[in-house]
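For clarity, chains are labelled A, B and C in written order, and residue numbers in each chain start from 1.
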């Protein structure tokens, strides 16, 4: 097997005395769509934040295409080809939809911190941004301030920003959280479309989305992965059913 | 004219931002023509002096807005970069051999370089974060350098500052800049160049990312950009243009003192920029023009001009955080909908009495001030071309009456204006 | 040795005075996240009000009433000004308080004019308490120390031992939760703002007679107060105390001992250049400590912000 796209080993994170992530080993192959599920408070978002250097892990390593990510800043990780979205919508609300996407393209098109290029003179940028807008179905909204879009549209825009830079590993944190049924379908189709041929890691609560999208699923309970496998294997795993349903029931009461 | 706003959202907002989206030459040509023609309209020396001051403030305010408006960084010590640029230019003026070989119009570049150099040093640690920490460092560094002006006499000249003579420069196409009008054209040329460069800067990748970092630094980091470096580049560029403003100040006034560095100057530029509006590129330009007029014209009329300026500033922050530019741009959709006519009458009905009310209030303020502070026995004062005894009862009754009635009318007519405003901003209906 | 003792007392007076301002400021900051630029303006208002009251009713009524009026004004500013600007974000808030500081200074000049007020130490305290090696220590200084310490203890008691204090402490960190528990958080904010400004008012009342009551007094102290809470760590009451005393002592000692930069540099083994008068750095070499006493706090602050951005006692890394 070739180098996995993302490899976690012995990853741990404590906040004070509370150990939130208790040693995770996970390997995600290239072009795999991988979902992380688990009850509330299992540490899914923390896991995401550890991978993308929002938090520093207490122990363990994170490797992207075999390269160690620990100690890098978020922007350095992004430049290595890992891009993420956030649980709470995280866009540039005062800028137009088009500018949001264009900003996401700047680094990958090699503009860096240049002040000798004019952004609207670059056909690549404009066409690239328009292509992304087309993909996420927001062409008609292109000149509105992003903050004025509907919730589902903002989530779509965030996915657009996340994929725009051409990263080959995409991490989505609860992309359908708080959405209506039809909106969820729309976002699911969108994710399917835009992650074609890329590695996708997502945290998701909606089991319909998870089983519709994922090639493999990991179940995270109390900071540990209790099962990883194909959707049908995970679904049939009695340990998962017991722990996950048990914990889920517990969480509901 | 049916519901244009919702079915075709692209048009109005696109036009609203038209100034910032396209590189149209129109406004620049108009500005150039205006700059060239103005001295022929306002020919006397004092107007040219005022305009010189105005354009220098325009450059400084635009530079300041690169931080505040575009980068979301609030600086309380930005006068330092302009000041150091200016002091450097003064020293170049006094270095006779070098200066004799240098055409004067090039001098501000050196001011810019020195401002930029200082900004690079300070920015290397101050731009790590925006927000409060940045504001505090800017204040601390500002106070420090301002305090240094009396300690490091060799560079800052101590209490009396540094002065020089611009005419020792190498003649520029035969011009020695002996006259104010020649300096005016030098400054005008620079204001065009600097404003155009700053405008172009905002269209570059790093300029766009400055906006992104302002809105959401974390997201920007996950797009491959280090928020800190984006801030640093904005800061350095802003220091450069502030330095140019300082250099022009040196040329215009031929003296720089501690006043060019201190917190008051830094506060003034914040005031100017905010008054004009930080949300639009041209905001600081309007702010600089309005403030300079206020400062020069109003200060001739009343001792209390700083009090009025302060009141205006606080009122702006509280009620119109978009500043003058924001107020103007609010009306763009109305014009797009072709409904501006609807507003004329309500505006007259509300704003005219409001203006009279404000003038009445200021009359009361002036009268109180006169009663309290005029020399003993000096009971006569002149206000709005009328001379009266400030200790009589009649003027008070008149002023109070006029103010109360005018504000009453304003209040009564305000709901009508609000309705008209809503009507004018709603598409459809009979336009 | 005796001089050291005198300086310690002087520095303590300055430090505690600073603390009365910085305590309120840091409380306001940790609660609302806004640095109140106009805080020292309330200190100035305290002095002016006390002066005006003392003319009619004497010093002690001034001490009692002026802080109350200042507190009510402060609460009003929070209720009708800051709360409105809050919706636009932090930067406009900071700008608002900055504008307010300008406006209050103009207002004071408008009412009382530009000259220093004839506001003096009351006769009851205008004597020498004791003398150290010929340096007499005025009773008023001792009085200032006592007032400040009493206020600090009172504040500490209220914050840590009373129900209101508990709610305030909780509201500092979790305003939403406290609101959900049924407490009126906006009212608490207004109250804290009022109390904070009233404290500044007290400082103004007792500092006015010694430091002078004039329109620039807010400006003189204003930025130093900021520096204090930044050094102490934004939001930390203990940090504010330590930083206040530190600054009080540093500036007092720097002013009373004339140390030249050349002495320090020679001391660490750097020789003075031969022809100092022509050297570009001559001003640097001849700097003396009284000259830079007033900017030492700024240097300290910049260093702190570079090497420990959260301040001496700061917890949050904002």
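Note that a residue touches a chain if its C-beta (ideal position, glycine included) is under 8 Å from a C-beta of that chain, and two chains touch if they have at least 3 such contacts.
The structure displayed is predicted, hence computed values, not measured ones.
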### Message
Just to be sure I understand the contacts, which chains border both chain B and chain A?
### Response
none
### Summary
If chain centres are mean C-alpha positions, then the most distant from chain B is chain A
### Most central chain, judged by mean C-alpha position against the global CA mean
B
### Query
Taking each chain's centre as the mean of its CA atoms, how far is chain A from chain B in angstrom?
44
#### Entry: chain A-chain C separation of Cα centroids, rounded to whole Å
48
#### Entry: Mean-CA-position distance for chain C and chain B (Å)
31
### Query
Which residues of chain B touch chain C in the complex?
68, 72, 74, 76, 125-126, 128-129, 131-133, 135-137, 139-141, 143-144, 147-148, 151-155, 263, 267, 270-271, 274, 304, 306-307, 310-311, 313-314, 317-318, 321, 365, 369, 372-373
### Query
Of all residues in chain A, which touch chain B in the complex?
52, 54, 73-75, 78-79, 83-84, 86, 90-96, 99, 102-104, 106-108, 111-120, 140-145, 161, 165
### Query
For chain C, which residues count as touching chain B in their complex?
35, 81, 84-85, 88, 90-92, 94-96, 98-100, 102-103, 105-107, 109-111, 113, 223, 226-227, 230, 234, 280, 282-284, 287, 291-292, 294-295, 298-299, 301-302, 305-306, 309, 318
### Touching residues (chain side chain B, partner chain A) in the complex
9-10, 13-14, 17, 21-23, 200-201, 203-209, 211-212, 215-216, 218-227, 229-230, 233, 237
